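Down below are the structures I want you to see.
Look for subunit A in each of the two complexes below; its partner is subunit B in the first and subunit C in the second.
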Partner chain A sequence: MDSIREIVVLSGKGGTGKTSVASSLAYLAGKEAILADCDVDASNLHLIMGPDIIKKELFYGGEVAQIDIETCIQCGKCKEVCRFDAISFSAGVHTIDNLSCEGCGYCSRVCPTGAITMMPRLSGEFYISGIRNGSQMSHAKLFAGGENSGKLVATVKKNAYRMAKERGCDYLITDGAPGIGCPVVSSLSGAKVALLVTEPTMSALHDLKRVLFVVRRFNAIPLLVINKSDINEAVSEEIKKFAKSEKIEHLANIPFNTSFVESMGKARIVAEENQFLKGIFESIWEKAKEVADSSVQN
Partner chain B sequence: MAQTSNVFKLAVASGKGGTGKTLLSTNLASFVSEFDDVLLVDLDVEEPNDSIFVKGLVSDVYPQFKMVPQWDVTRCDLCGDCVDICNFNALVKVGKMIVVYENLCHSCHACSELCHKNALPMKKHHVGDVSVIKSQNLTLLEGRLNVNEEQPVALINNEHSLVNQNWSKYNYQIFDSPPGTSCSMVASTGKCDYILLVTEPTPFGLNDLKLAVDAAKLMKRPFGVVINKYGSGNKDVEEYCRDNGIEVLGKIPFDISIAERYSKGELLLDKHCFRSVVSSLYNKLENIRISQNG
Partner chain C sequence: MKILFTSTGSEWSSKIDPRFGRAEYLLIYDTEKDELISTDNRSVNGKAHGAGTATAQKVFDLSPDVIITGNGPGENAARVLQHLNPKIFINAQGLSVKDAYEKYSAGDLSQLPLS
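For the complex of A and B:
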């Protein structure tokens, strides 16, 4: 078996515990796995993994239009074709709102004097770091209002796969974004297993069903963990029933525990702080590995 | 626009997910509806949850579309210009075919309008729906992205336009926004009069609050903070707000019974300690709204 097996942690709803789970699995995996933070919009793994940045690069996500006021003849053709209301005309000049511009380049193609240039848009940074457990982590920061988070996720993953190959790691543990949009889709590409972390709330169950659809589309094998499971036992049961009907293996319930927040406050990982929870995470990690391994053999 | 009328557009946002945006949006909307008409708009189109808490009948459904090019084989001369024009890699030439990846299309129309053979006419592509749900004085607009779509921004923009067309009479408009600080958050909050940033008193909450504050400043929107699960975690969020002159408009106490009731999909205004937070938040927002209009 030589291919790298990726396990991506997703949830649909935010705040269910993806990062706590991903960091705990990485802690247990040690040098067996590379860790990738693909929640580039609001990344948190770096707060508890103690990254020691080895390499940092700028991320250019798409382009942004720029008008040269010297060559612009104020004809307004650019404003006419822009579908994003990014070009405004006031006090006799046309200007571009960087936040609204989606970088399609249509304006630059119709400008009769070549006054509009498409510039690379600096929208984030990405890093390769050594982490406390002896392994490495691929992560990034998308600047506020950044576009193309999907492309940045793809960059983080590409680096993570390369790192795993170089260091002979069998696994890649990926912390995903909430929702079902481009960063989630991008984080699922190539993943063998999607570890779905949910909580027993009606909102989380609703969101789980939607993200499951995306997981299935990418042929990743879904596995389920119910976090804070004792907050509402009835909803927990409902989620288990749903998982059964969907033939999703339910790996564990994690009862509500203040250790999650406490360890975060110490910049520590839950599994290294709490022996009871460590036991639960060990069983999750063993099972997730087993399923990921079998997906490669078949 | 808001400046010329009494309309108050309030965005409820956060960097981190699961901090309580929906909890706050639905309960604040319900509170206002006790004495006034209120519009609640669920812009978290990837994972809309407001309708779990606001129970009412769906009175209307507006299908939402984005425009995408459709390849016309009879007109195309396979010059390949469209593939070069598209900055989003949504068009690919495969043998003697042009394949359109509708998911990647940003609806800029460039390929369509610049095609010298008119071989890429634009057509409507269904991306999701906006449902109207009425519950007495409260009207909820719920945007819901189809699960096979990846781009929420077009639907969010459509939802804003729909509000301006059909519900502009509502003086109080609450926009429950998606988590994060990227394009979908900017599209949701960028044109609102005020942004409430909901956070929790943990290192993750603080880290993502700072990102959300950066986004609000970038958009030049006034903003304030609500701390949820107050009493758990630590004091760093409060200290950060104090040191940076950011107003904390409310603190929702950490209380396992709030979590339990939320989990069932219930509103919490009958719980005294929770209601008083919402009520005092409402009063502070009223002052902000009056000072903005004045």
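For the complex of A and C:
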């Protein structure tokens, strides 16, 4: 893990362009970087990277209660304590609805005959895939009712690090989850640089401040990109001032451009569709690499 | 004095785990007895959520004077550790446990303020 430099793309607020930025950087990096999609709740990176699945693995996350009908005396204590209405009683037997069960384990605790066991829940699949730029990506898919978690992100990243090591890649580009919760915390472990993608709206600025707190907590170096920078010049200025006061390096402004939506519609990467934007992404990638490289020497 | 390392294995040659909550092993070096004891922490890694506080609880029970790790504990884990008030040194990822200990001894690791 020593020499691989990880750059995590985060935003706090969703919809600021994290995935468009991450995919464009990966496109420019080519075989220099492995791409990891850690935004598993709403993973869409695979839609534009055109992955060719090489390896698939099952993911067990959290638990689900299971009633053994032989041991169950149909006392109904489990149904009484379930906060999620996951247990129903019909035709003389108690059954658990897997989708409603949150895996809290209360039923298993109160069961007088020990008929309820908490089982690992099969909640999704992991993939290692070849991608269009000649490199590989580590990603995952959740089944209905599945939830992104620190554990899932940790595994996606572990696979990505292993792939980077095997293929001799210097960099790992991680598309992070929105928000500041467990998956974001997990995506920051091992990261040298957090590329924060924001937009000039009050809610994005608010969430940027929150994610910055987490980034600092985990000692990653924050870098800033303002996407759709010209849709509200006043808020853009406010963000720049904030970045300056927080000593965050502001790498680039990306003006509003319909190419983002158009390339997405064609399942293409922005940087491969639009030469002007490609130039901006090139400068972002060069700077991010430079900062990540220098962080290793210290 | 007891020094705790977050590690990817149970040996002096094992690499420091950059993760605190999901560290695979917790190694304790007792400087007086000159012994290295490892605790397998992989069961915590099986948790979908709350890994940081679960590991912090373990660390609390092991009560080290010094912690050497990578990115450092998160907000919730740090709040648990405050009650123990250890010295926390970070950015040791990539080093072996032995090298991290030597760097620490030489005063070359940066300390994380617990606030």
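Assume the second predicted complex is superposed on the first by the 255 of 298 C-alpha atoms of A that agree within 3 Å, B and C clash if a C-alpha of one lies under 4 Å from a C-alpha of the other, contacts with A are read in each partner's own complex, and residues count from 1 in each chain.
Note that in this section a residue touches a chain if its C-beta (ideal position, glycine included) is under 8 Å from a C-beta of that chain, and two chains touch if they have at least 3 such contacts.
Values in this document were obtained by computation on a predicted structure and should not be read as measured data.
Chemist: With subunit A superposed, do subunit B and subunit C clash or fit?
Modeler: After superposition on subunit A, subunit B vs subunit C: clash.
Chemist: Just checking: does A:C101 make contact with subunit B only, subunit C only, both, or neither of them? Give me first, second, both or neither.
Modeler: Touch status of A:C101: no partner.
Chemist: Let me test your reading of the model: by the given contact rule, A:V21 touches which partner, first (subunit B), second (subunit C), both or neither?
Modeler: It touches nothing on subunit B or subunit C.
Chemist: Look at A:A220 in the shared chain and tell me whether it touches subunit B only, subunit C only, both, or neither; answer first, second, both or neither.
Modeler: Once the two structures are laid over each other on A, A:A220 reaches subunit C alone.
Chemist: Is A:E147 touching the first partner subunit B, the second partner subunit C, both, or neither of them?
Modeler: In the superposition, A:E147 touches subunit B and subunit C alike.
Chemist: Which partner chains sit in contact with A:A288 here, subunit B, subunit C, both or neither? Use first/second/both/neither.
Modeler: Neither partner.
Chemist: In the overlay, answer first, second, both or neither for which of subunit B and subunit C A:D41 touches.
Modeler: Touch partner of A:D41: subunit B, not subunit C.
Chemist: Could you look at A:L188 and tell me whether it touches subunit B, subunit C, both or neither (first, second, both, neither)?
Modeler: second
Chemist: First (subunit B), second (subunit C), both or neither: which does A:G179 touch?
Modeler: first
Chemist: Which holds for A:I128: it touches subunit B only (first), subunit C only (second), both, or neither?
Modeler: In the superposition, A:I128 touches no partner, neither subunit B nor subunit C.
Chemist: Just one of 5-13, 23-31, 59-67 or 95-103 in subunit C runs into subunit B once the structures are overlaid; which is it?
Modeler: Clashes with subunit B appear only in stretch 59-67.
Chemist: Residue by residue on subunit A, keep only those touching subunit B in one complex and subunit C in the other, then list them.
Modeler: Subunit A residues touching both partners: 62, 147, 149-150, 182, 185, 214, 217.
Chemist: Which residues, counting only subunit B, touch subunit A once they are in their complex?
Modeler: My answer: residues 15-19, 22, 44, 46-47, 49, 52, 85, 87-88, 106-110, 113-114, 145, 147-148, 150-152, 178-186, 190, 202-204, 207-208, 211-212, 214-215, 218-219, 232-234, 256, 259-260, 262-265.
Chemist: In the complex of these two chains, what residues of subunit A are touching subunit C?
Modeler: Those residues of subunit A that touch subunit C are 1-3, 61-62, 147, 149-152, 154, 182, 185-186, 188-191, 214, 217-220.
Chemist: Write out the stretch or stretches of subunit A touching subunit B in their complex.
Modeler: Residues in contact with subunit B: 12-16, 19, 41-42, 44, 47-48, 62-63, 81, 83-84, 99, 102-106, 109, 118, 142-147, 149-150, 177-182, 185, 199-203, 206-207, 210-211, 213-214, 217, 228, 231-232, 235, 256, 258, 261, 264-265, 267.
Chemist: Of all residues in subunit C, which touch subunit A in the complex?
Modeler: 15, 18-22, 45-49, 51-52, 70-72, 74-75, 78, 90-91, 93-94, 112
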